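Both complexes below contain subunit A, partnered by subunit B and then by subunit C.
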Partner chain A sequence: MTATLTEASRESSPGTARPRAKRGRAGTRPRTFYLFVGPWIAGFLLLTVFPLGYAFWMSLTNTDGLSPNWSYVGIDNYVRVFQDQQTIASLGRTMIFMLATVPTGVAAGLAMAVMLNRDFRGRALFRALFYLPAVVPGVAAALTFKIIFDKNAGFANAAIGAAGGEPVSWLADPYVRMVLIFMILWGVGGSMIVSLAALQDVPRELLEAAKVDGAGPVHSFFRITLPLLSPIIFFQVVTGVIGSLQVFVPSLLLAPVNGAAAVTAVPEGNYLFMVHVYAEYFAKSHFGYASALLWVLFIFVLLITAIVFKIGNRAVFYGGVDPSERKD
Partner chain B sequence: MTELIARRARVTAFYLCLVILAVIFSGPLGWLILTSLKAPNELSVFPVQLLPSVPQWHNYIDAITFIDFLGYARNSLILSTLSAVLTTISSAWMAYGFARLSAPGKKFWFGLLISTMMMPGIITLIPTYLMFAKAGLVDTYVPWILWGLSGAAFMIFLFRQFFTGIPKELEEAAILDGCGHVRIFWQIFLPQSGPMLAACMVLTFTAAWGDFIAPSLLLSSDRTTLAVAMTAGYVNEKGFPVQNLLAAGSTLFILPVLMMFLFFQRFFVQGFSTSGLK
Partner chain C sequence: MRGSLGTPLSRRTLMRGSALGAAAAAGAGALSACAPSAGGGGGGSNTLTVMAPENEIDIKAAEQALGLKIKRIEVDTTKLTAMLASGTAPDLVRGLGAVETPYIVARDLALPLDDYFASSELLKEDDIDPINDVWRYDGSVQGQGPRYGLAKDYSQDAMFWYNTALLDAAGVAYPSDTEPVTFDQWLDMGKELTQKDGDTTTVYGLSAGGLGLFISLANMTATAGGSLFAEDLATVDFSSPEAQKALSWYLEYARARVGFSPVEPNADGWDWPPYQTSRLAMSWSGYWFGGAIAAEAALAETSRLAPAPTMGSERISACFGATGYWIPKASKNHDNAWKLFEWFMGGQPAKDRAVGGWGMPSLLSLRADLPTGTPAQEQALAVQEAEADYFKVLSFSPYVKVEALDAVLNQYLPDAINGDATAASLGDTLQTDMNALLAEGKELVK
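Moving on to the complex of A and B:
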């Protein structure tokens, strides 16, 4: 980080005084900063801190959200989290889902971005076609995949039938988890477009200089492009990992029943951690226990973020600076 | 000569890859449209019929009348526009603070911003819903207004990255002229970020248009959005989905998103990479 200290703090800490990085930056009053950032802080307190606190309070009780007869149960709900077989199984499924979607998604997105970063006829058309599914709303994607993998009217069974096979119940166990993974990977264009934008920021002179020095395209990709892209890849992996922990709407939408009862009809293969949380809240009215599950997930996400950032700080090139040469 | 052949082979292989990928990515929507044009008796035959024998265009009219499609679409439009405009402007506003201003505690708040970006929104959604329910705000748009005004962490982050990339020379002159930060934001930064604003609007609009979980928790069945109504509406009296109407309805539901995307497409790639002084 560059030093952007105000005059006041510079004077109060002469021992750590650093040269002012840029003209015109210092001298801003804190009030101005809080005028700009204030609404976010207020929203954060009201819409994140307060609900989390509310959930934490519920997690210490046996409330069902309606009945006035509830009592504090201490950490019982948290103890139950680690004894509940359904919780552990759903967490395992979520991990497998994450491993099946995040690395493949980021790698495929990057590969497609590299293909589209060349100059060729029809580039804009292919870019649009690859990116299109990523803008299709999740609800429509789920409905589309339900229609494609429908046992009777779906394309998947049409193809199998044409090859002489027997129709498969795609939307039931054990196949439905594959449908979920296909559906998520269908939207890989989102990752592609982010990588493509980053690729276009790679300085052309650098690649040309490497070419002049006799480096092949593969060599300069791994030695120049990839390191420069590492912040954006890292960002995608982190958001992908955390995003896959919260997947539950697609599971709900792929269930054979629609509406409020959907959560009770999610096939086991798609019964991910958040599906379990939702079921505990709204199908079973175990508000206390479900809140404890939310808090466990919250802690889990914080831990993953901390670990990933620790790794990322060592391996990622921010602003083109090699991590081993970074001083702060 | 052999070099020429090798080059031709490479180009052919490259295009072949592209075409296969294109088929994979556009196939599902193609099937959706084919299904939307089928007659009911063409839906459950085995082996499955690929093409409708006669395209049933009236399925689209039936899809609109089968549920109160236009009513739900209006709800979706209001909600998504509200959400997109508020979120975009407020996110840019707050990003300016993070990109260009300093104050004690800035590092702390920025760290917090990054971690909320990482945090599953779904964790807070259910308790937030319970909170809104207790406050009597269920079945109003107030939750979306509050969400909009407080911005979206990811958008703030993107805007902040974008603003950081704007050369300081642009505003230094303005600062020397005694121009305040609010004016610098409105008159220099916002006009500079056209593609970014468009991208943010489109992304938030489509997110709200397609959002299923928040409206299904917060809105009653007649005030709800198209996204929620779609999932439950197209069933016959026996409770089975009416596939062809569902497909037609889904196509119509995707259409505005698709059109926005095609119209703003060029902004998406540019939006993340342009900066001033070019």
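Moving on to the complex of A and C:
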């Protein structure tokens, strides 16, 4: 017994066991870390860096992806990007689409979250109902929207007709862009859920203290709740901006032609930048030019994101700290 | 962390390793294209990769009949391009013979199948319907030269179906079963058949979208005695009187709002739903449409097929699709791909398709299997058989995909229809853009 205790105490003494344990940590921690991140890095290189590099290489050629006689064209494709009226128009349209959908979507999601954060009977039901459109598959939603907005048999024109109005050709220019925006905003439940989760993290004692100090609900919302939600709102804005610049499938689904040929029939109002890229790739077989378009979009997204971050740093209360008082 | 040789695995080593791994994986894909396959192009393994829509080829039946293992992948231009470019071509690919054959042949993608046809017991040269000439291309003319594919079935797509109930209701006389109407007469019929309730259209008179805008215009021009493509297929000409006539007709049709167009979109995406629900009186669809009609007993009784309209001197009844299959040259499994091709085109599946009535069979011997059980089916087949005499291959360009030309049309047509553009001004714009595309394409295959 004595011997055992002595051995145990020797093993646990600072001079023997600790250095071994320290070596173990030093040895295993990086190994575990690298084992976990290794597959991601390999995937990142294979699925992101390699395609980016390949696309860049293609952007310097006039290849159509299949013909043997392609050649290098230098930066011609990049010069063409800034001369192509269709490219510039589609980029402008995409910016307007972004400005129309991102602020509206985030604001609507927040407003719904604030409403559904209150105590009332049936709250869970309404939360589920408002979130439901966000989980409806995009294809099903688009088909439903096409039926609703059909000029002759759709519900939208039936309602307009009942109110004495004229039927509107919703799925053609210039109205079809409104249908697209409406379809995107229909999925605002996703933003609502994120804001709702953040709202539930706002400390009650702060709100109660403000109430004791005489602040009304509006004042409390703008002075306490909104600043504390600002990191989450900022996150939604950043992801929303990046996502809206790359919107593609909803435009195709609203086109009057089904299948792969849809890209050739997207009405001008919904002819966003990524639709243009896809048409250049797979309808016109301009693989080189379309790759240049993608690189320009990539840089454009980086620039827009950097601008959003710059603005965000002046407005976001990270850790509840007023950005004007932050020392960084 | 230590590697197997006892050296510490640093961050830099890991990054280098990952990069090498990625490069190796990427390189392996590329290199695999260069490596000889197990069986070479002619032989190949027992596993076939087929790009086909679901349910078109009965995979289980094919595997049992041929002793092959077949993997189906969805028809997807993006995927096909990637597979062809990376040297991992599918073994059998679905395509539209009428508009794709020159394109795939000019890029040396398709395998000429003449040797296989010559030795086939199921697909004999004298049994092949002449419509399959759209799958031939000799480098300058479509319809001549080696065969590169075969239609699974076909229709003469410029013919049209009409609903007699709607024609009776509007007091419009039926078109002849043997003599074609002119496009102007057809448009007049469409105007008379269109019914409106205030500003809402309850019945569209006719749908002239066909299988695509460009091929529809090319067909109209051809029936007027002209051609949209120049003889070398390297340019289009919208300034000819025939092409101008076709463009004028389309503008008048679209402005009259008697049918679907870029400014009057069809929410259903194709003609069947409005035709089925009697919201469309005449559909510019070929024999295949009868397959859908046959399933609706009441509609079948009031549906009839009519010859292709003409715009002028020449009676032509073209095929815009001839949907079928081709074997990529880069396939490493040619022989087995041919086995499946032959079985699908000439075996039991071909007989089953003929019985279904969803298109004319590619083999003349299978015509006897076409459905004639109802007066409507009899009428449709009689009109179709008489129409066969007027089939002509309309050569498509090897330099551009039809989608590219449709994209140009869709870009300019809405403003032209809604505005006061003339056929001449529209034609100039279309010609400039389309010829630029054709010139770029030509540069790549010269």
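Following the convention adopted for this analysis, the second predicted complex is superposed on the first by the 294 of 328 C-alpha atoms of A that agree within 3 Å, B and C clash if a C-alpha of one lies under 4 Å from a C-alpha of the other, contacts with A are read in each partner's own complex, and residues count from 1 in each chain.
In this section, a residue touches a chain if its C-beta (ideal position, glycine included) is under 8 Å from a C-beta of that chain, and two chains touch if they have at least 3 such contacts.
The shown structure was predicted, so the numbers you read here are calculated from the model rather than taken from an experiment.
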item	value
Superposition on subunit A - do subunit B and subunit C clash or fit	clash
Which superposed partner A:154 touches (first subunit B, second subunit C, both, neither)	both
When both partners are placed on the shared chain, which of subunit B and subunit C touches more of subunit A	B
Which superposed partner A:238 touches (first subunit B, second subunit C, both, neither)	first
Which of subunit B and subunit C A:104 touches, first, second, both or neither	neither
Which superposed partner A:62 touches (first subunit B, second subunit C, both, neither)	second
Which of subunit B and subunit C A:230 touches, first, second, both or neither	neither
Which superposed partner A:294 touches (first subunit B, second subunit C, both, neither)	first
Contacts of A:200 with subunit B and subunit C, given as first, second, both or neither	first
Subunit B versus subunit C as contact partner of A:117, first or second or both or neither	neither
Against subunit C, colliding segment of subunit B, chosen among 2-10, 92-100, 182-190 or 236-244	236-244
Intersection of the subunit A residues that touch subunit B with those that touch subunit C	28, 30-31, 34, 41-42, 46, 50, 65, 146-147, 150, 152-154, 157, 161, 167, 258-259, 281
Touch list for subunit C against partner subunit A, complex	1-2, 9, 11, 14-15, 17-19, 21-23, 25-26, 76-78, 81, 84-85, 106-109, 198-202, 212, 260, 262-270, 279, 400-401, 403-404, 406-407, 410-411, 414, 437, 440-441, 443-446
Subunit C-touching residues of subunit A, taken from the complex the two chains share	27-28, 30-31, 34, 38, 41-42, 45-46, 49-50, 62-70, 86, 146-147, 149-154, 157, 161, 166-167, 169, 171-173, 256-261, 263-268, 279, 281-286
Parts of subunit B lying in touch with subunit A, wherever the complex brings them together	14, 17-18, 21-22, 25-29, 31-32, 35, 38, 43-44, 46-50, 90, 93-94, 96-98, 100-107, 109, 112-113, 115-124, 126-128, 130-131, 146-147, 149-151, 153, 156, 168, 171-172, 175-176, 181-182, 185, 206, 209-213, 227-228, 230-232, 235, 241, 243, 246-247, 250, 253-254, 257-258, 261-262, 265, 268-269, 271-273
Residue numbers on subunit A that touch subunit B, as the complex places them	1, 4-6, 9, 22-26, 28-37, 39-44, 46-48, 50-52, 54-55, 58, 65, 112, 115, 120, 122, 124, 126-133, 135-148, 150, 152-155, 157-158, 161-162, 167, 186, 189, 193-194, 196-198, 200-201, 238-239, 242-243, 245-246, 248-249, 252-253, 258-259, 274, 277-278, 281, 287, 290-291, 294, 297-298, 301-302, 305
